[in-house]
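Letters A, B and C mark the chains as written, and numbering starts fresh at 1 in each.
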Amino acid sequence: MTSTTISRIRQNQIAQLIASNKRLDGRGLTDYRPIQIETGIIEKAEGSARVRLGKTEVMVGIKIDIGEPYSDRPNEGVLTTSAEFVPLASPEFEAGPPGEDSVELARVVDRGIRESKAIDLEKLCVIPGKKVFIVFIDIYVLNHDGNLIDASALAALAALTNTKIFKYEIKDGEVEIKPGFEELPLVNFPVAVTLAEIDGKLIVDPWLDEEEVMNARLTISFDKDGRICAMQKGGSGTLSPQQIIEAVKIAKEKSEELRSLVVKKS
Amino acid sequence: MPVFFENREIVTPGDLLAEGGFDAGRNTYKIDSKIYACKLGLVEYKGRTVSVVALNTFYVPSVGDLVIGKIVEINLHGWIVDINSPYSATLRASEVFNKPYKPQKDELSEFLSIGDLIQAKVIAYDRTRDPLLTIREPGLGKITHGQIVKVSPAKIPRIIGRKGSMISMLKKETHCNITVGQNGLIHIYGRNPEDERIAVLAIKKIELEAHTSGLTDRITEMISKERGSDK
Amino acid sequence: MSKKIRLVDENGIRTDGRKPDELRPIKLEVGILNNADGSAYIEQGKNKILAAVYGPREVHPRHLALPDRALLRCRYHMAPFSVQERKSPAPSRREVELSKVIREALEPAIFLERFPRTSIDLFIEVLQADGGTRAAGVTVASLALADAGMPMRDLVAACAAGKADGYIVLDLNDIEDKEGEADVPVAYMPSLNAVGLLQMDGQLTPEEFEQAFNLAIEGCKRIYELQKQALKAKYLAIKEAVEEAVE
């Protein structure tokens, strides 16, 4: 029987190291683990990517469909984000309906994309009030070693950058799909940066053992212009106002570093 | 060493009560040299100790407490008793049978069945194990008549009064037997329903006005008024 | 498409007549449900929200019990009639997320370690929603916990700030929440200077965020004072009534 609950000794070890500005895996307090990004890995999906953040591994597949718009936004495409904690990714994950952690993960990633207006949804309108493109972002957690939010947000962004939309024409009010593809109208590039608070110190990109020790975490998403577009505090501890302001500064810097891995500067 | 409230003033969780060389008493906690309230209640400064008399609380068992409970389950080893607490209590079969208890032969429900009320004493309890009860003392055991009043466990000290003054007065004036369970349940048994009615009224009034002064006099007055009105 | 609604006029006055740094009128009541171990009610603007606490009590199902602390469970739920278009009573993903962040705002306030193997069940029912329900939900839930006699490090006060028509504004109402540029809900324990809930959506520069965040903290401090008054009110009323009668 494996469990992710870590021993008291290891907890103390992690906390003591952090108190002296070191981490168990040799990183500095604001360093990310090594990041690998691959795109276009699932041919049947309109867009896809896999991100490895240390041992954390997340895949995102994007499917495009045609459906009805929301009644209050008749001229806009629809964005929906889901997250699946696949049971093979962790002894803690169970098959079944999404739990609160996966709902939170999906909603935080969704918020970053939506609030930064990353996708120009008005360009996804096919027949106003009747037919629009629906963009399904499905986050698939394949291995859980901490900081799923940053890995998922990065994978979602990477997948969106290679998403193609099928061409169509409208005949007698009906949508007909034509051969060929167009680029998804991606106009912003949100990136999420998560910090954890352990014994009064802030660290970037907590891995699983650090998540077990942390008091609280704070995720801050930045758009391409350095504006904050989403935030989420998690965990059952607290942060001081000073720590929050400091976290924003650190996260802004790190967000640029992460974005440059996906979006090549023009 | 400043204090920040008047004695017996109402405080709420998080209120800074005192700073400096004080000790944290009941319902308070200390960070560095600061003492904060952790419950809604009346602050008390007694010497170096700062405490809060809670206005509402729930019953947490303590060894030696007299409690009143209800049998809710019978299993192989004894009875499970609801004692109006976050933890249900166990009354072991061996506490009831004088001879060695044989689960194959002895029928527990013949002694106490589900729904029965008992007066019992807590003989063991810690945070890792549910409380254990005994009924092997005079006055303990099954309750067969009278009635039960439920009050907030926070008010029990007020109902008993200083050195038992309030409860003695109640018993004397209402002519009832009154047993006060620390868990907020009170057993009243009088000569007639009218005596019991007055006792219940008096207890309810104490519960409501527990945090006020001059209470004993007002209760005595109320009882004699009630007595007068039915004659 | 409809024209964009003006949220703040040329005099800096908002749609409901408030100044940018003004709270909506708040009414708080404590101990209003007799079955619950603790309960409270809040009206903030047109928000009407009830909260009730049961416990600490035995955990069902039993395997969820924690050996070293109480399990805090929280359900934030919106009544079907609480919004313009009927909301399905089944919990939405939004409600699942809000239940989690509200719980995480309250957990650090409660001495959960004193009641191992039990559960504390908290129910928040939004009867009418008018923007800022999660913050109002935290505020009212914290009162219900204190009313239940739960040992707490501090009361948790919550309030949102955000941006509307370029102004940094406090305590967004429904239309500001929907049409404004950003929303920053915050839950705060003033005595401990600790933030237990922080979210943001919309777009803010880091400087604007800092302004909005500080304004939200200021709002929390004002709400905290109202919470204290509400908790004391019930007992002070009895005390005054009986002590006057004697004189």
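What to note about this one:
Criterion: a residue touches a chain if its C-beta (ideal position, glycine included) is under 8 Å from a C-beta of that chain, and two chains touch if they have at least 3 such contacts.
For clarity, every value in this text was computed on a predicted model and none was experimentally measured.
Counting steps between touching chains, the shortest path from chain B to chain C takes 1. Comparing chain C-alpha centroids with the centroid of the full set of protein C-alpha atoms picks out C as the closest. Averaged C-alpha coordinates give centres for chain B and chain C that are 33 Å from one another.
One finds 53 Å separating the Cα centroids of chain A and chain B.
Centroids of chain A and chain C (each the mean of its C-alpha atoms) stand 28 Å apart.
Shown for chain C are the residues in touch with two or more other chains, namely 189, 192. Residues of chain C touching chain B in their complex: 37-38, 55-58, 67, 109, 111, 115-118, 146-155, 189-192, 227-228, 231-232, 235-236, 238-239, 242-243, 246. Put simply, chain A touches chain C in their complex at residues 75, 98, 100-101, 103-104, 106-107, 111, 114-116, 216, 218, 223, 226-241, 244-245, 248-249, 252. Those residues of chain C lying in contact with chain A across their complex are 1, 93-94, 96-97, 99-101, 103-104, 107-108, 184, 189, 192-206, 209-210, 213-214, 217. Listing the residues of chain B that touch chain C in their complex gives 10, 12-16, 27, 29, 36, 38-40, 54-58, 60, 86-88, 127-128, 152, 154, 208-209, 211-214, 218.
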